[in-house]
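Have a look at these structures, which come just after this line.
Next, two complexes with chain A in common: one pairs it with chain B, the other with chain C.
Entry: the complex of A and B
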C-alpha cells in the first residue's frame, strides 16, 4: 500500500517535471532575438517572401499558441518540421538515436560491471598499495575530460598501434550486409572512452558503499561467526554498493548523455549529438528543441526509474514511507 | 596522508593561478605569433612543449588559456552561489508553497545538463565565452539551491535555533547569524566541486567549438585544433588535455580535502 502510494506520487512529480521542462526548453529557444524568417532568407528577400515563410512556420501566432501546438504534437510523437530541410524532426532523429543508444547502451552496463570489482578492491585494501592505486586511477579518470580520454585512446590504438580506426561509423547491417567486425571495431574506442570516465566515478561510490559497510556491527558479527572478510563484504556490501550505483546512475545519466554527445564529436559518429551540433550551427531551432526535450525526457525518466528501484532495493525506505 | 589531497589540490590550483597571472606580464614566446618554420616542432629548448600547426609556442598558449578557464569558472561559480545559496536558505527557513515551487523548478533545471543548456543558449545567442559562462552559471544554480536548502533544514533542526527564536530573533537574523555561518563550509566544499564541473563544461564547449572563437587560446579549443593533426603529432592535442585534467584534479582534491577537514567522520570515505 505504502509502496503504491510512493510510486503514484513519484509518477505525478515526473509528469509535472516533464511539463515544466517543456516550458523551460520552449522559452529558451523562443528567446531568439530578431526574425528567424528574415535571417534565413537573407536581406535580399522581399517582405512578401518573409511573410510567407513566417506563415508557413507558424511564427505569426502568439507564443502561447505555438507552445500549446508544440506540446500537443509532442504527445503524438510529432516534434515539428526542420526549418532547414522541411523533413519531420522525429524522422531525422530516429536513425541518429539508434547510434547514440548503441553507444550509451553498451557503455553503461560495462561501466557498472567494471566499477564493482574495482570498488571492492579499493575498499578491501584501502590502506594497502592495491587500494591506493585503484583510488588514484579513479581520481585521474574522473578529472580527465572525456574528449581527452578519447584522443589518448586514438593516439595509442589508432595512430601508434594501428589496431583500430580513429573515427567513423559502420552500421551492423550495412550495404555490404552483416558486418560485425566493422561495426565493433568502430565502436570499441568510443565505448571505451565513456566506460573509463563513468567507471572511474562509479567505482568511487561503490568503494564508499563498501567502506560504509565495513564499519557496521553486522559485519563484525559475520566475521565473528567465522565468515571470511571477503565473504562478509561481498554478501553484505553488495546491496549497499548497489544502492550507491543506482543513486549515481540517476545523478550521472545527464553527464553520460552529454559525454555521448562529445564522444560522437571525437569519433565522428552520426548520432544525436552530431545532429544537435549541426542544427545549432544552422540555427535549425525545431531540431534543437526536439533533441533537447528528448534528452530531458530521458534524464527525468531514468531518475524516476532509479527512485522506484531504490524503494525496491532498500527495505528501510519502504517502512519509512509506511510510517 | 589525508592532508595530502588538500596540499596537492592547493598546489595544482596554485600552479594554474600562477601560470595565468604570469601570462599577463610574461610568456616564453608570443602566444599569437605564427612561425611557419616551427610548425609541429616537438618539445625543445625553444618550445618546451613544442609548437602547434601554426608554429605557435604551446606553453605560451596554455598559459593564456588558463586565464579563460579560471575566469569562466570563477564567474560561473560565483553567479551560482550568489543566486543559489540565498534561495536555498530562504526556502529552508520559510517552507510555504513558494519554496516548494522553487524546489520543483530547480529539480527540473537539474535535469537539464549544463552542456545542453549551453548548447541551447548558443543556438539562440551565438557562440561566445560570455554565453558559455552564463549557461554554466545558470545550470549550476540548482546545485547550490538544493545543497543550501538541505543544509539549512539540518541547521534549523538544532536546539540553538529554538533558543534564538525564543529570544525573539527574527527570521532574517536567524538566517544571517546562525544559518549562513553554519552552512558556509559546506558551500565552500560544493564550490570547489562545482569549479571542476565548470572547467570540464567550459573545456567541452570550447572543444565543440561553441565557446571561444578560434583566435582565442582556450584549452578545449586547442584540443579541437590539435586533434586534426593527430597522425602528424600528438603534442598539440595532449598538452592542453593534461592541463585540463590537472586543473580538474586540483579542484576535486581541494574539495575532498576541505570535506575531510570539515567532518572528520568522513575521513574513512573519500
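Entry: the complex of A and C
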C-alpha cells in the first residue's frame, strides 16, 4: 500500500532527523563559552577544586565519549543530572513542560477555531468593508509583539479593571485541592495574548488559502450544480484550502512554543521558557541540552503528524500514480 | 415564450475598460441549439457565465436575462442556485480542473441529486451509476469510487457531462466542451452530447471557436467579435453565404481542403483587419 509506504518513510525520516539533531544539539551546547565548574564554584575557588568538580561531572572525558553516554541515556529516557541542583533533568523539565503544554494546548485550538471563520470572511468579502476590516485587524494582531499584547492585557484587565490576576500560576490540583477557578483565571490572559497573535497570523493564511481556492474551476462547477457561493466554499473549498493551512498550523505550533517562552516571562509562569533561561544563564548544560532535544522531538513529531494529515486530506498523495 | 431571453446585455470588468460584452441580445427556444462562435477574448465565455450568474464579483452587468420568464440578472443567489444544476446546467472547457480533487467522483455527481431532490442513499447511487453508464463510462461502479486524478481528461469531461445531464435540464450551456480533449475523444463526446440533448429535448447554448463542431451540433449560430454579435442565422446559411468579412475569414481558414497546395494558408486577417486592436 502506498499509504503504508509513506508512513514508513516518514517515520524513518523522523528517526534520522532526530539522530542528526542530537549531534547538533550536543555540539552547540558544547560550544557555549564559559566553564561550568568555574561558574558554579565562583572566582574564589582554587584550580584544584575546579579540577575536582570537572572530574566528578566527567568533563575531562573526550567529547565523543560524553556524547555516546548522553545518547545512551536518551534512549533510556535519562536526560542526565542538573549540575546545579543534582536533580534529574527530566524531573526538572516535567512540571515545567506541563505548564507550557497547558498554555500551548489551550491557545492553539482556540487560535485555529478563531482563524477559520475570520479568514473565510476576509476572503469572501475581500472587496467589501467587512473583509477589509477583518484583514486590517489581523495585520495589526500580526504586527504587535507578543510581550506588548500581554502587557496591554495586564494593564487593562488586571490593573484597571481588576478582573483577573496579573501574573502567577495556580495548579489545577494544588495544595488547596482541585481549584478550577484559580487555575483558569491565571491562564486567561497568557492564553489570550498567544491567541490574539497566533489567530491573527493564521487568519491571514486561511484567507490566502481561501482566496486561492475561490479562483479554482471546481468551485465554479460546485456553484453551477446548485451550491450557493458560501456553501460551495465550505463544501468544496475547506478541504482544499486545508492543505496549505495545515502546513502553517504545524509551523506555528513550533513557533508558539517559542512565543510561550516570552509569555511565560511576562506573566511569571513557571514554564519551560523560564527554566531554559535560568539554565543557560548558569551554564547548566544537561538541562539546556534536555530542553533543546525535547523541543526538537516536539517539532519533528508535529511535522510528522502534518505529513500524515496531508495524506488523509489529499487523495492524490494516497495513490501510486500521483501526478 | 422563449426559454432564454437575453436583452441588451453589457458586461465590463473595472471602470473605463472596454466592455467584454456589448449590447448583446438573443433568444433560445425550448429544445433549440444555438452555437456561439468567435475567437478567444471575444466575450463568449463571459456571455455564458453572465447567463449562469457565475461572473466574478468585479464584473458589472446591465441588461436583462430571462429564463422561462424569470429574471436571472439581479436575482438572489439562493434563487439562482435552485435553478442551476436542475433546469440550467453548464459544461466547462477544462475537465482537468473542473472537479474537486479531494472528493470521490460518485459523491460529486450525487451532490447534483441531493441538492435538488429527495433521494435515498441507495437510490442516489443507483441513479449516479446509471448516468455514468449512459455517458459511456466503462465500469461505472468503479468510477464512482475513483478520485478525479485517477481518470483521463475524456473520462472527467464525461463525468462533468453526467452532472449537467443528471436532472434532465431544459438548457445546457456548453463552453468549449471538447476543446481540451484529443481529437478522437472530441468526436465521441460530441456524439454523446448530441444524443443526450436529443433524448432530453434540452436546449443548448454551444460555445466554440470551431465552425465544424458547431455545424454538427447546432441549427442556429451567432458570430461574436470584440464583445458584440456581428452575424447570426441558421448554420447552413451563415456557412454558405457569410455576410460579415470576419465570418468569411473564419470559414476560409477552416476550409483547408480548398487551399492551393504550396500557397500560404489564409488567415482571418486576410478578410477582416478590424479585429486586431
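Going forward, the second predicted complex is superposed on the first by the 309 of 323 C-alpha atoms of A that agree within 3 Å, B and C clash if a C-alpha of one lies under 4 Å from a C-alpha of the other, contacts with A are read in each partner's own complex, and residues count from 1 in each chain.
Operating definition for what follows: contacts are C-beta pairs under 8 Å (C-beta built on N, C-alpha and C of every residue); 3 or more make two chains touch, one makes a residue touch a chain.
Note that this is a predicted model, so its numbers are computed, not measured.
Put simply, more of the residues of chain A are touched by B, taking chain B and chain C as the two choices. After overlaying the two complexes on the shared chain, residue contacts for A:220 are found with chain C alone; chain B is out of touch.
In the superposition on chain A, A:170 contacts neither chain B nor chain C.
When both complexes are overlaid on chain A, the residue A:28 reaches chain B alone and has no touch with chain C.
Once chain A of one complex is fitted onto chain A of the other, the partner contacts of A:147 are limited to chain B, with no touch recorded for chain C.
Within the complex, the chain B residues that touch chain A are 104-105, 107-109, 111-117, 119-125, 196, 200, 203-204, 207-208, 210, 220, 223, 226-227, 230-231, 234, 237-238, 241-242, 244-246, 248-249, 252-253, 268-270. Those residues of chain C that touch chain A in the shared complex are 52, 54, 57-58, 77-78, 81-82, 84-86, 89-90, 92, 94, 97-104, 111-112, 115-116, 147, 149-150, 160, 163.
Against chain C, the residues of chain A that register as touching in their complex are 127, 216-218, 220-229, 235-236, 239-240, 313-316, 319, 321-323. On the chain A side of its complex with chain B, the touching residues are 13, 16-17, 20-21, 24-25, 28-29, 31-33, 139-140, 142-148, 151-152, 154-155, 158-159, 166, 208, 211-212, 214-215, 254-255, 257-258, 261-262, 265-266, 276-277, 279-280, 283, 285, 288, 292, 295-296, 299-300, 303.
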